[in-house]
């Protein structure tokens, strides 16, 4: 990693910028945005351990809202405290920290400027679960600005009967965010009555959901890692006819990245539920890296373990992305 | 109570402020808010009998709207008069009085400045009851300002099919309130088709509902006292795995408080339906105190008895919080 | 002072309110205002050493802007620090602290809620002095709300060729302030090409300027202490014909108070330039008290001496108003 | 410099943050601002060679507008190119680059995110010069947001007959900027018919002008280095009476810093006209450092020399501030 | 001219685009603008005879408003008809046609889409002439959009006592225009009490006026051809010290172009009053070409002669720019 090797020299001169050619290349994909927004995307790519590499690891903590506090934090009670997550993300060297309004607000003043923040603008709880989920809008672009966030986050559920409403909410919020120099991160999670359970992570569905997010104007698309199952019959024909390689996880990652404007949008992948074996997650990171993915957004696997283990775990993932660990 | 002991001396100098270290500590949790809002939170914590202790007892009177006038006031007809509740709250030394638009408006001019007011901005009646309740928005932030209120109050029903709409109404009103230096008090009452009847006060559900209110940006969260029942199967696994103590009421209070940003949000508990035995309520107050709760919001148990008995009853509760009564 | 004597007893019950009959009487003069504004006026009258007496002593610190920092603070350099003035006002037991945007903003978060704040919304400097002065508008009603102020302050210069503009600025700001539950304090200082130097404190001119402020909707009028000089010829005839007593300072205070709606507006008097002899100021306070004035706004004579001397000085003034010192 | 010495180790872990205790202390002075604005102030203090030291060196290039292009750039024609100044500021390790709309817009897309930008929102030209100058508003807060700037810059001319208008323009722009999480930098340059030529840099006038900027809500105040001349008669008396030390440049810097809220506002000093001898500028930087000033804003002395000499010149100034050069 | 030679071949394939490398280079200077605006600039550069060359010849007809109809059109009465100018511009192959609201509106429907239109948004008449001229705003961005214009035009008079107001009007209109995907063309004509008559075309003044227009955010700057006179004493020193070559018209054009962001803004030159000898105008075009200017805006010399002579005259100018005529 030439970038990181030269970093100390650069910093001896007091300038720790990481504007590598790769960062410039990625930013160039967003040239239709105003400089405020491209500067913001650049900030995400030049912060933390992976600064300058073109890769990102983001810490998201919305599980308290999405699944309930005990399911999220009882296993590591430090996580009940909003400051904990800021500190974990900073200490581990994440590119950004993402959370709903309350968690961001509770510690934004104390940690002002220490790490790029992503305000999740909609959230969903499971006290009233439904077949066709629809998140509530729980924050605003004004909130993102007053709290010093660099991006808004928004979840869509392609496959839900309510997908249209979510797309339209996203459209309006993204337009406002872009006018104010913010970036837009979209969680695109297929769910709802239009899909089978297996279909939620089917390769055709995940690639389709990622493409929809990109078409809606997302700068950064976040999806789950896809399986090799193909949900839609018409899609199956297309995959078979064109012999799209989807046999390995790296191949599937490559296909999802390709589906987002031939790799010209940043696509990152979620860690999913807590996994007992860290090596499984490291292998996923290797597949994301080898398939041309841009990184991971890792929540439960980070904050549901003790802080020192979380830090070393996250840094191993980052080293895989940085090419420092095979 | 060192704080209260020194108070008379302070007042002899004509300055009745109660800016104890505990008040400063609590206010510091809201540092992302503007000084107008933190000053308002400080006012709630420095008014009344419990001024300076970090505890609150609030008198809410929305039962007329929620349950009908006779069910609310026939037992003590003085309660039909809006002035009565102001006077009761002032006389008893409550931190604040909360009510819907009409009740606040009916006596705000007469009692201007005598006690912090909380304007309940939504209300629900039972003339048309429904499985998935949705309150009507019955007041505005402008109303709160013109009437001299220090906070808006808003009810959400997590578990209702209409929860999403209530969250979004709250989001917009809370943003406006905070811009104008007001505080936000959220009544978070699980109800609706997503929950069993027992689930409405289940410990997992109440903790979750309190967490949602905090994530939506509430400064003060109000919930019902939880039972030891656990409603959600996934939550049960989490409680058991982490051995979360929920056997006693104090333990459950502690868990709810922890669920609100590790105790860095003010959480108060409702008195619920009229109880025949005052000692039961005092025991609840002791459990709230011992579990680290911040106080009570006591409506029917206050205004449905004669004024002198209500005053002494409320002051006994306050003395429990102040540590003056075991 | 019955009020203060009973205060400790009240406080033993934990309630330090000072809603005396006199406070209620004063507040009743403003019954056309909304309860938000009357509650705010009540707050000013129930805070600090003079709480409940109907008298006010306010600490204003705008001299840094109006005269320059060294002229204001070099004699007591602690005054360069914005926190100092908050602390002095709190420690001395003033009813309120008044200052321009920068000074309020610099310490509002630290001292949130500790003392009622008045945001001076216009200010004038002497780097470009002019015969017909016109202050710049340097703050907004929104600023007052976000910073937790209870009132806006505004200076008018009756007698200036620019008076009309100032009256119109005040009108618009006062309307907005009243809509948001704030009070309006007007500094009415005759100056400009329409007046002689002696005329600036002439009894007819000061009474006229106070009346104009009241007619413009001020809740609290602040003027300089008037001399026995009469500036306007037509006024002189009226004073002589009606034998208006203006021989003593107390008589002149009484006439100014009468000129503000027969005493139904709060009128306070400024301390003016630093005086070498404290007894002169005490005598002024006695005259204000005896003439039915409502108190003093004392800047330079307070913050231009050491803190302990300032506190004891201010408290002596307060004791004069409270009737505790002859 | 403990901060810079430990920086390489920090960066080896990939995290180049410079959140030193000094940065946290400075940011704490602005606690009444929202976290968006304090994060922005923190960014200025953690970027470039002086990151973490609490000192700033800013490159401003508005001379093209203020004095004309040939007078500004003919001596080093590379300066005609807007990209040049971005590159110079980045290469030298400045904390920020400040310029009018056209210059910022011309290269913001190319250099998005590389250096904090300050958009000068008003400018003045000398094609129609006047005794009482008044700048034109040439940009907006929306421009600052769309171009990715962290702060707005605004010039006021205390002493001008038009000062009032400039103060009011600044007030409105500053309020809007703060609402959107931007910082406010005020150039306070005494000029106009109220002052003599010598008075423009008189110590009393410069300290007064700096104080006015702080009172108007500036986060960062920029003034010229003051002479030992005292312009105003009343001020002279105050300086003499209080024996304010103003004999050396460091003493005068200390007095100006004190005049800005006792040092609780960032005050930086301009380099002024091109000086033939670099050592003179270095000595000024030493005086600013020794007097407790926060740094320099150096335009003509930077961009009017060849790039390599400009870089080494600026870095020598930074080393003086960092304490690396005596 | 390789571009023009290959054009017919390109068009035979049905694609009449002229997106040469030069056009792409010019457009790249405006990368901070949104694609709507850069597309508009590209349209101007790819229309008409000079499409693809990076040069422009624009027909402006605002003399009717500026000087009166008879002075403008009596010599060639066809010019009284708004359609005439559209037709002349189209027939001659101009890049665009510029006029005030009435002239554009009178024929926009008939010629919709035939030629890029520039709506002059301010105009000045001579029925009340003044030393410090100030144009009236006579059109809006909404007018420009509804009439299908690609750009707004705006005149500023640097040197006028009213310059500040014009700059501020331009700022607001330019921001609105850019938000809507329009380009901004600024006529920068030094005039007013700050300048001598000779100074209006002095090289230092013209270069300064062009620079101001660029700093105000103009995409295209239009100035008069400068003389070799230097108006400002301070500027003279700079020109002499740096030995800026201004002896020939081409050198002066080069200096003006350099003054507009080192040639990274489009600068065009006006033809001025009617000249008896066409060769003089051709020589001016040669000087503009040789000095790196981007073209001409030629009004009176075009429409004040018969149509056929106007067309051939304009095409000769274009051929000079295209390099087809020496």
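Note that the chains are named A, B, C, D and E in the order they appear, and that numbering of residues resets to 1 at the start of each chain.
Heads up, the rule we're going with is that a contact is a pair of C-beta atoms (placed from the backbone, for glycine too) under 8 Å apart; a residue touches a chain by one contact, two chains touch by 3 or more.
Not measured: the values here are computed from a predicted model.
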item: Joint neighbours of chain D and chain B, given as chain labels; value: A, C
item: Contact-pair overlap exceeding half with D-E, pair selected from C-D, B-D or B-C; value: C-D
item: Type of chain B:chain C copy interface by residue overlap (half), same or different; value: same
item: Centre distance in Å when chain A and chain D are each reduced to the mean of their C-alpha atoms; value: 38
item: Centroid spacing, where centroids are CA-atom means, of chain A and chain E in whole angstrom; value: 48
item: Intercentroid distance (Cα basis), chain E paired with chain B, Å; value: 68
item: In chain C, residues with contacts to at least two other chains; value: 108-109, 142, 147
item: Touch-based graph of the chains, sorted into line, ring, star, complete or other; value: other
item: Residues of chain B touching chain C in the complex; value: 4, 7-8, 11-19, 27, 31, 34-43, 46, 48-51, 90, 93, 108-109, 112-114, 142, 145-149, 179-181, 315, 318, 322
item: Residue numbers on chain D that touch chain C, as the complex places them; value: 29, 31-33, 132, 158-161, 163-165, 167-168, 171, 175, 190, 192-195, 204-205, 207-209, 211-212, 214-218, 232, 234-235, 238-239, 241-242, 244, 255, 258-259, 261-262, 264-265
item: Touch list for chain E against partner chain A, complex; value: 31-32, 34-35
item: Complex contact set, residues of chain A against chain B; value: 64-65, 67-71, 74-75, 77, 80-82, 84, 100-103, 105-110, 123, 125-130, 134-140, 142-143, 147
